[in-house]
Amino acid sequence: MWTNTLSPRFAETDALGHINNTVLPVWFEDSRTPIFELFCPGMDTNDWHLIIAKIDVEFLAEIYFGKLVEIRTYMIKIGNSSMVVGHEAWQEGIMVAKGSAVMVHFDHTAKASKPIPKDVREILEKHMHT
Amino acid sequence: MWTNTLSPRFAETDALGHINNTVLPVWFEDSRTPIFELFCPGMDTNDWHLIIAKIDVEFLAEIYFGKLVEIRTYMIKIGNSSMVVGHEAWQEGIMVAKGSAVMVHFDHTAKASKPIPKDVREILEKHMHT
Amino acid sequence: MWTNTLSPRFAETDALGHINNTVLPVWFEDSRTPIFELFCPGMDTNDWHLIIAKIDVEFLAEIYFGKLVEIRTYMIKIGNSSMVVGHEAWQEGIMVAKGSAVMVHFDHTAKASKPIPKDVREILEKHMHT
Amino acid sequence: MWTNTLSPRFAETDALGHINNTVLPVWFEDSRTPIFELFCPGMDTNDWHLIIAKIDVEFLAEIYFGKLVEIRTYMIKIGNSSMVVGHEAWQEGIMVAKGSAVMVHFDHTAKASKPIPKDVREILEKHMHT
């Protein structure tokens, strides 16, 4: 599991007084940074090997400004070239949102998926949800 | 079906050269504005009767800056107090993303769901996906 | 003058109940699209000739969700290679914000500014603030 | 001086390959959190005493994804009811952007500015730019 602790931003609140729902995909993407680093060492966006196929988010409780949020990220499934990443957002001991992202190891030149490299797979497997 | 035509913003692109995946939930929320108006006449955010329970987005093709996008929004399911809204994003004749949002008619004071009013339901039914 | 009419998005509100201040630079950038098109025909972000040097925004009144906003954009100054663009945001007959952006015609390969082409300049001059 | 170290988010990049200019106001607002806490203990957005009057940002260098950014925030001027906050964004030893924000201590009920309290002023004075 990877953890990412963040402080909600004022600009991320909405008129209902809490964090807007559209912010969660941003926080979750941000929390996939360790996975980006595994696939794209050096984080060179001109040499990027991932695409995103699907995301979903469930909103479980109101998320407050002024209190830290911890995003817990883990692997749900590791396929040949694709994978499912899970996310949970916790605030003050409550799971306030959860979701997942389907990502594909992708060759942007060939416009085709490609197998997840063995060394990357071994690291991902250590982060499988148990 | 409701349609919302929008012009992608430069700030919505990312380093891969296309629209970032986190933008779709924003566009889809924006496209639910006609539904907000049905439930919350006058759009007074101090008198708001909706919460969002779940969203998902499938990314089907790259979305380009500099070309209009049409968001098509419709009802997939209308329950007693909850509903499922469907969204499709089209650009140059191609469906580039689709998704859904589960919304609940909600009493923020009582912290409980409440039935969708009959007059609102009748309008929503005219927008059922066929 | 160029005009850009937009409908504030729910995600753009904040916990104070109005449009968050950080949204104005996004709306203003979006409103410079006609200028991007002049300098970068085809809007190819791989062949981009502009950089931004400075922005400022004055917040004059609360900006409400649920009411259209018109952004008026015009040229304040056209230099040899740089220019100052002015923006005003109007809502229900009130100027709610104004600002400017300093942009530079730029050669990303040579990492140097370059003169504004004569044909572009002639069009820009028609949009000078009077 | 207050410091805020942040990791640029993928969603904050744009098609030119760097952090989009509209992100800086968001980072700078986020970096004023310690000032929000001084004026609004408990960070209750229903009991908020600040408004923003003006922001500006100068863009000094490209800001890269994949490298930490440090925002340095300090007081430039402390008036009777208003103040000017300064911000600098640093990445890998280079000042990549700087800006300021004019904020006003404000009574949202009376719709009028009010003097900065003595105890808050004393703390702010310790953060004056030298």
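The first chain written gets the first letter, and so on, giving A, B, C and D; residue counts start at 1 in each chain.
In the analysis below, a residue touches a chain if its C-beta (ideal position, glycine included) is under 8 Å from a C-beta of that chain, and two chains touch if they have at least 3 such contacts.
Predicted model, so just to flag it, every value in this text is computed and none were measured.
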Completion exercise
A student comparing A-D to B-D should find more C-beta pairs in contact for A-D
Exercise for the section: Taking CA centroids for every chain, report which one is farthest away from chain A. Expected result: C
Fill in the blank from the handout: Cα centroid separation, chain A vs chain D, in Å, comes to 27
Practice task
Averaging only over C-alpha atoms, locate the centres of chain A and chain B and give their separation in whole Å.
Solution key: 22
Fill in the blank from the handout: CA centroids of chain B and chain D: separation to the nearest Å works out as 33
Problem - For chain A, residues that touch 2 or more chains besides their own - result: 10-11, 13, 15, 17, 21-22, 26, 29, 45, 65
Fill in the blank from the handout: Within their complex, chain D touches chain C through residues 15-16, 21-22, 25-26, 29, 45, 48, 51-59, 108
Exercise for the section: Using the touch rule from the top, collect the residues of chain C that touch chain B in their complex. Expected result: 7, 9-11, 13, 17, 26, 29-30, 33, 36, 42-46, 65-66
Handout entry: chain B - residues contacting chain D, complex
Key = 10-11, 13-15, 17-18, 20-23, 65
